[in-house]
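Chain lettering (A, B, C and D) follows the sequence in which the chains are written, and residue indices restart at 1 in each chain.
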Amino acid sequence: MAIHQYYEFRENVSRTMDLNCDIGESFGPWRMGSDLAMFEFISSANIACGFHAGDPTTMHGVVKAAVAHNVAIGAHTGFPDLQGFGRREMSVSHSEAYAMTLYQVGALTAFVHASGARLHHVKPHGALYNMAAKNRPLADALAQAVRDIDPALVFYGLAGSEMISAAKAIGLSTASEVFADRTYEADGSLVSRNISGAMIECEEDALAQVRQMLEGQVRARSGELIQIHADTVCLHGDQPHAVAFAKRLAEELKKDGVRVAAPTLLATRRT
Amino acid sequence: MAIHQYYEFRENVSRTMDLNCDIGESFGPWRMGSDLAMFEFISSANIACGFHAGDPTTMHGVVKAAVAHNVAIGAHTGFPDLQGFGRREMSVSHSEAYAMTLYQVGALTAFVHASGARLHHVKPHGALYNMAAKNRPLADALAQAVRDIDPALVFYGLAGSEMISAAKAIGLSTASEVFADRTYEADGSLVSRNISGAMIECEEDALAQVRQMLEGQVRARSGELIQIHADTVCLHGDQPHAVAFAKRLAEELKKDGVRVAAPTLLATRRT
Amino acid sequence: MAIHQYYEFRENVSRTMDLNCDIGESFGPWRMGSDLAMFEFISSANIACGFHAGDPTTMHGVVKAAVAHNVAIGAHTGFPDLQGFGRREMSVSHSEAYAMTLYQVGALTAFVHASGARLHHVKPHGALYNMAAKNRPLADALAQAVRDIDPALVFYGLAGSEMISAAKAIGLSTASEVFADRTYEADGSLVSRNISGAMIECEEDALAQVRQMLEGQVRARSGELIQIHADTVCLHGDQPHAVAFAKRLAEELKKDGVRVAAPTLLATRRT
Amino acid sequence: MAIHQYYEFRENVSRTMDLNCDIGESFGPWRMGSDLAMFEFISSANIACGFHAGDPTTMHGVVKAAVAHNVAIGAHTGFPDLQGFGRREMSVSHSEAYAMTLYQVGALTAFVHASGARLHHVKPHGALYNMAAKNRPLADALAQAVRDIDPALVFYGLAGSEMISAAKAIGLSTASEVFADRTYEADGSLVSRNISGAMIECEEDALAQVRQMLEGQVRARSGELIQIHADTVCLHGDQPHAVAFAKRLAEELKKDGVRVAAPTLLATRRT
């Protein structure tokens, strides 16, 4: 099947969804997340690269496990701030953002290659993700770094954000990310965590939101039904019910005839 | 010319020598070394990867400059100890040593690829270099990491050391490193810096030692003439007369009919 | 009661024991240990100072909690190696060891003073502890740093080790540390964790060992009964049954008429 | 002379000025600034505390030198960002800013006490300084930390900024800092470095500006003569002509009958 056929096929079905999760967020002696349990239900893993979490030994183990589970591997690139877990905004220059992306993606790629696989995507983390969602020149710097490493990499970013626009503008494949458990503003941005109702606590509501997103829509906080493009759903691996919800969502999608898969045909294993 | 022809040719001439230098040892706002000046005279550069020196922005600039000067690029891998500049021994496990090598080589490779070039070699730094010279299992871990990333990479290590043996044992190309300005013990190891006479201060004596090494010999501290295999001479870029000596050595080698070149035919530029 | 009276009193009773625990070993978003639960049963806390664990925000919270529980506060000083949790030996110079001790003790002292308390002791951590136990010049450097900050600080170190000798030699008060759950060699050193039987798994055996230590003796691995001086028992806060064992030990000591208290009369609160 | 007499005296003369310089900005193997040369001409030193620059060994050496030169010692507190030299804004919470100030001031204090001296002041660095100049809650957090360590410490901050207001509001002594080589806006803020004319290149102009500041005035970029309160002039130690300008300024002030001294009577040496 040629690639264009695949995309037609996928277009027709319209029933493929990627489930991604942030993985490898342990550091040194400290554990975080339920990496192994999540691998059962996700199709792609965003692996921390040592700047906001992760370290070489952690990365090595996690990459091997991801390959064993045939999960698409992405680099989860963040600010150099372990204490703040990459969640504190930093006023880096665009050339610094470019260079720190190259560095982290390269570091992870070494483990991926050593495991006989190939890197599938890049997803910015935390404050870097939030800043690049709204700041086009920063998004451009990140996208350029990804393309300069490998133009076949998929750029994961917030659906409808500057990250997606920047990546598309230089010809990268993109995966528009949506959240099962976050509510949206009418402009497609996420409701700030400081606002009550930002999180969807009820599992049924979260499932219903994903189903609606599969149809390209989401109900905004204002009540409006807005358009949203959903290629990949972000699951949180470090929360109490994370694994249970991931299992439930994967099962429900299957029942609905939706195939859970990473957004490209690229084989994870190198031939 | 086929590769086997090249090696025969090189064997016949026996008059090729690599001049390598540690490059990119600045960090953040702090400068070290005379990178640009050294590029004029060296054939290969060992670039710090952010663990003992260097940072993403520094690496980006230095890699571009190395490519512009057509210098073979190597990863200079060290202990995660910026304050100690990688010169303090650390009791890392072999799997930690393996993983930190993958990480650093991968990080540098991203900059090299983004500059349209390919990585040529890996050389451990400082305490890691000294420990691996004598510790075979540690040397094995480093060599394995290099091979798992790319079996075409050349492993640079102290001539006659466990690093060279370990790299050869798994089929890596090696470059046996010698020092123009250090004296040797009768067993081929370097005289400790704590011993008077460890450093050769006189430029003429250093040149004479390199000439002797080209013939496969060096006069040990004990007075004996011992065998030594020399593929590459290490030049220090951070010392007062570093650039002047590099210039002088390059000129003298040229006069002697020795070609200064990195130890493989691998093109630096990717096609 | 004058101080000399206290010490006579204590000598007579011979029935005071300090229970110490490593506290504040979380870092950034990562949790470790059961700090709050342990505060109920211990008399002194060794608080990580940001080099091997801990960070300013963690230290701030833990110090306030320690003061609230009226637990004697010590600085737990380690190697600058978060990833390795300070458990990897590093070949630092004695002047580096001296300076890193000053730095860490000073940093913790600021939180202690801001909480209206005073620092009680210093205990080296991990590889630094193990190295200084056997290396007198290193132990001297650590003890000197402690005395240069405040000669009233108590130096906690392995019973019978070079740390205790070094601290005594410059006039510091010392606390000889013993372990409830570790076995001993005939020379008073700990059985290496690599040897089977290094850990005492059975709670009753651990309690029996502490009772024996209160009498100044311990049964070595060789079967001999050797002399040991015990001022403080180290409890591990990061193990599954840590809190339960701490509770049990505190209760058993109380039943035996042993007072659980930090090894000096120094008030924790500043007047 | 009683303290109140001193302040009256100083009020009458109106001819005392502090010259401060950022000191101890080396890190590990990397050198920055001309610390020893600057000590000859300055009355107070802001010493980096290991977050944006400096390390324990550097701090130890620099503090001893400052004490030997009888220079008032301050803690130069910054963001935890060595690569960015503390010049990149970070969105830390106020409690994080409070804790990182305690940590750094405490760390430096240990070296100061070990050298038999006492800490004199605290001055935020780089992005932390610039942010706190405009952000009152952040300035409050920094001032609170300083007071919680020692209410006798002097808070150095940009003249007319929120830092000075915050410190005064909780009863700290303050030193209003001015710059010889920077131009000012009509509101008393510094002209941004991105605007041409932000720096005063001409030495004579810089001297003239300091003389004017001694009279409580400065000519703004707009041409207006505005009021400015100057307790301390910041000299830059890392620029080519830094030492020459410091020498010149110290000499000119002396000629004018101005006494160069740190802004309090607090003796540097502890008795």
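Quick notes on this one:
Throughout what follows, a residue touches a chain if its C-beta (ideal position, glycine included) is under 8 Å from a C-beta of that chain, and two chains touch if they have at least 3 such contacts.
Since we're looking at a predicted model, the values are computed, not measured.
Of all residue numbers that take part in the contact between subunit A and subunit D, over half occur on both sides, making this a same-residue interface. Chain geometry summary: the mean Cα position of subunit B and that of subunit D are 44 Å apart. Look at where the CA atoms of subunit C average out and do the same for subunit D: the two points lie 39 Å apart.
For subunit C, residues touching at least two other chains, in rising order: 55, 57, 83-84, 96.
Chain contact topology: the protein chains form a complete graph, every chain touching every other one. Residues 80-81, 83-84, 88-92, 96, 127 of subunit A are the ones that touch subunit D when the two sit in their complex. Looking at the complex, you find that subunit C touches subunit D at residues 50, 55-57, 59-60, 95-96, 98-100, 102-111, 113-114, 145, 148-150. If you check the complex, the residues on subunit A that touch subunit C are 26-32, 53, 55, 57, 82-85.
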